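Both complexes shown next keep subunit A, but they swap its partner, so subunit B is in the first and subunit C is in the second.
Take a look at the complex of A and B:
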């Protein structure tokens, strides 16, 4: 069998990205009677539990720039972000009518309230506000989180008509461990040769992971890495940047493309963190829920939406990300009205200033159309790094 | 070490390319090329311009160490690196006129005021808003309505004896003003000078807003060679309180962006060599 090239792989990922009727998930569900689909919002849910129930986890990250929000605006005041409006639009327009359950992770008040609204609007859909610990001691936050996971496991078992076994959970953890290994490999590959794995392509591949069964996504990543390594692409004199603040409402694809066009190689980001929230393999022996809880407490990403109990540690994850990825600067790109990203930004910028790392900031909405100002900001930032850093 | 570097400025109205040789800190301008876009694909024109400068300098493409683009040239497929217009016009202005501490880039679509230090580092920057009434495209349209060639504009403007000032806010209103002037029998000289004064008024305000109130300002971009506009800029500067800047143009001012790109490209090439990360042209 001939190996697909990057263009073919990216075209498949792009088709999944553009499909706001989620045809791929609908086909997966209709292929076998009794299958169920569980939607989830940013930034993290333990997809292993959904997978172990024989269900498809489906990432819902709003409607992007292709969805006209007609009904969604009526549910929210004007001074909040766009992702809850477009998610409601997806719901009331019937685009999510095949989804059997929705998980709303603990990220901000808006998403928390959306979980309640979903219960009222779609009473026949299993809806759950998925809370996470604010305390990172195993005997406090760990026990609390394991209990949350147990409740989710029981609820999904009930929804699916059969309890989720420990063996099924262990097998799912192994499947996601493999997926995360490939994701890490792709991110490491981009750090080493960012011109070989453009930011927009990496993003589309990660987005595909929100729609495809994990086994198919792992295969897609493996194919892409092989195809990318097989062809040498032109290397530009771009600066290397970390993009942060993009963990919930997604930037338009054109914004990601514009950053690279403006002379910035994106070498790390916090886009679609669910695909790499856990930074190390989860143990596949012993109690699977305790293993997932321990991984969350001790081996998970840091982001503005995650509580950091140590004030001196605030922002250091970003400094480390810059060092690890050999970046030369940071771009703070945050959705308008995003409380977690914008409230944390000054503290993160303070940490960067302390480490002598340059940064630039701007805001966007998922449907932003005018990229020229962003290109100019990112481009002049790239110029300043290339010409004047260290002077 | 000798570095051969190309600068390609993809503007709204024209594409400009230059080829430079930089050796031990000395720069030699090898060749230049300009093509008006006229509804053609600017990326294809960039290739044609690049080929022309190579041919004129008898340099092979593989001998070029760094191809730098600026303006709208990010998508030129064979570029090594891209620099933004304010960065390149500042450097190009210093190259053409070492006394300059500000550049006023007046192109087909925008006017940009840039202040810089003696190294060409941008200190402040501001550009005109989206309205086209301060732009070369607007002037070109008016010249067409009046039936005069573009290279006649500057000379006619200098002959004006009683200029009629037009709206400096909106190109549509300004065009209406011009139609009224023609019907009132105002001479083309006074109309053109009025337009120059209107444009100059906006551009001098831009300069003041970036604190470029004193010293030498080099006009760059396509309109820098319009002597009538440069005169009007100096008149407006003289009339504005707190402004004593002198605005000058250089015969090669339209190439400032391409020159700046080429010079920054040479600088980057040397740094990449030092760090062992030579960027390879596509």
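Take a look at the complex of A and C:
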């Protein structure tokens, strides 16, 4: 068998990205009678538990710029972000009619309220608001969270008709550990040679992880890394940036492409955090739920939806991301009307200023069409960075 | 919330009514004086939020309670919030985010002046009761950056499935016992005394009983109160700094007596311009009010003979009418249950059920939603709520939009138009019902 090249791999990821009928998940489901699909929204759910139930976790991140929102707008005022309305659109238009359950993570009041709307609008679908602790002590937040995980495990076991065993959970944790290792390897590879792994490609690969079974996604990442390493691509005189604020409503793919065209290599981002939320391997021996809880408490990403108990730490994760990725600046891209991203922004900016890191900010919507202003802003930012670093 | 209390005095004001208003005004003035005298007295200050506030606990540590939301309301009523919001935007806050936060931050940037004209003291501790709104967390992270003081998080899980589980209670009680209380002891230098807490909780329950009596008086025809515009004054002491105090007990006793007297006399609510005329429409209202044009907003209702008989906003600091009372026998559990049960911590289906029941129970003509532009916690989902409640009750609903404290988003003409067509719709329904009968 010949090894696929990056273009072939990216084409597959791109097809998954564009398919708003989720055909691959539908096919996975219909391949074996009794299979179930559980949708989840940003930013994080323990996909291991869904996987251990023999179900497919399917990431739902709105409709992007391809979906025409016909019904969804009737559910939301103009001053609420786009992702809930396009998600409703996916629901009422029947595109999610094969989804057996939906998880709404604790990210903000909009997704939180959407969990209640889903219960009313789709009463036959299992839906759950997935709460996570904001207290990081093992004996307080940890115990609470382990119990929440146990409730989720029991509910999914019931939905699937068989209890989820600890061994199944351990095997799923191992599968996701492997997947996260590959994701980290890809991110590290991009840090080392961003011209070899363009931001739009990395994004599409991560998006594929929301739709594919984890084993297939791990393979895809492995193939991509091998293919990318095999061919030298032209290197441009771009500056290096971290993109932040993009953890929920997705920026249009064109926006990501525009950043690179404007002269910025994206060397780190907070896109699709679920793929690397847990920053270290989860232990595979002992109590699997406790292990997942510990990983959440002590080895998970920082983001606006999480309380930072240590005042001095606020924003430092971003400073460290810049240092680790050898970035020269930060782009704050936030969805319009996104309270978590926009309220966090000034604090993150203060941390960057303290570390002497330049930044630029703009807003987008998942269906923004006009990229020219963003390209110009990013271009000016890139030029100014080059100017400063050249002095 | 006291600012306009004095101006509420109607032409027919009687002595009894004056008693509660005077009392509230005195309580608020004394509280602000105490706060601004901190540099002289050395008292310590705890900032915290209205929903899920642990006033009884704060009091056990002799801490003075300062509520940034109430300050934002004050700034809205006094029409200073607009400039504060602009100030916050000037220093880097987005135009899209919650205007309560920006009003607070802008106020700090402009000298942090309290309603009595003197500067607020810096807080010694920020008690982040994270209940029913994510913005709270960001707000206190922002204030922590500003004040560099101890910040205590009390995380209240969300009632997503419409119930309080034992796991939620255990989690909260453990946070209270092992995080909140030890930290408050450290900041205040006062040792925790659970009997003191019990006493305060018992006092809370007494006041709560009378508040519920007052709110439920609106079941009568005519309603003796307006449970939204007037209700905002009635909840002031219990949602603010006074739950658990003798002052609150006295205030609610006065208020109850006054309302009972109105019932006995068969009078409707008092408005800023005196007694309301004949009651023509009875409404249930969802969502916070607009504060920058509060009087003008209210007038659009009472000029039409519309009285609000029940509202969700008067439940943000505690849903007492569904039976919850602070229970001195279970001091920490009761605090947990209180936080879990506040209106904004309830799932959307629970909110819908509550409002639908209000429409039935209070004999309302329908529902009005005031959607707040910058408040995701309330606003996201309100259009579905409206449709569901219409479907369940068969009563018409209307939707208006404004903002809490940002005057840029108050369009009097639009709101007035919407209200007028809504009242016409109610009339048509009535005519339809009469001809069908």
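Here is the rule we use: the second predicted complex is superposed on the first by the 388 of 391 C-alpha atoms of A that agree within 3 Å, B and C clash if a C-alpha of one lies under 4 Å from a C-alpha of the other, contacts with A are read in each partner's own complex, and residues count from 1 in each chain.
In this text, contacts are C-beta pairs under 8 Å (C-beta built on N, C-alpha and C of every residue); 3 or more make two chains touch, one makes a residue touch a chain.
This structure is a prediction, so every number in the text was calculated from the model and none was measured.
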Next on the checklist: Following the superposition defined at the top, how do subunit B and subunit C come out on subunit A, clash or fit?
Outcome noted: fit
Next on the checklist: If we overlay the two complexes on their shared chain A, which of subunit B and subunit C does A:112 touch? Say first, second, both or neither.
Outcome noted: second
Checklist entry - Regarding the shared-chain residue A:121, is it in contact with subunit B (first), subunit C (second), both, or neither? => result second
Item to check | Partner chain(s) touched by A:380 [first = subunit B, second = subunit C, both, neither] | outcome: first
Item to check | Partner chain in contact with A:261 - subunit B first, subunit C second, else both or neither | outcome: first
Checklist outcome for this item: Of subunit B and subunit C, the partner touching more residues of subunit A is C
Checklist outcome for this item: For apex subunit A with the CA centres of subunit B and subunit C, the angle to the nearest 10 degrees sits at 100
Item to check | Nearest Cα pair across subunit B and subunit C, whole Å | outcome: 19
Item to check | Contact footprint of subunit B on subunit A as seen in their complex | outcome: 234-238, 261-263, 375-376, 379-380, 383, 386-388
Next on the checklist: Touching residues of subunit B toward subunit A in the complex: what are they?
Outcome noted: 66, 74-75, 77, 79-84, 86-87, 121-122, 264, 267-268, 272, 279-282
Item to check | Residue ranges of subunit A in contact with subunit C within the complex | outcome: 74-77, 79-80, 84, 104, 106-110, 112-117, 119-121, 128-129, 131, 133-135, 137, 139-141, 143-144, 147-148, 151, 304-305, 307-309, 311, 314, 334, 336-340, 342-347, 349-350, 363
Checklist entry - For the complex, which residues does subunit C have touching subunit A? => result 91-94, 96-98, 101, 128, 130, 133-135, 137-139, 141-142, 144-145, 148, 151, 153, 155, 157-158, 160-161, 165, 167-168, 170-171, 174-175, 178-179, 347-352, 371, 373-374, 376-377, 379-384, 388, 401
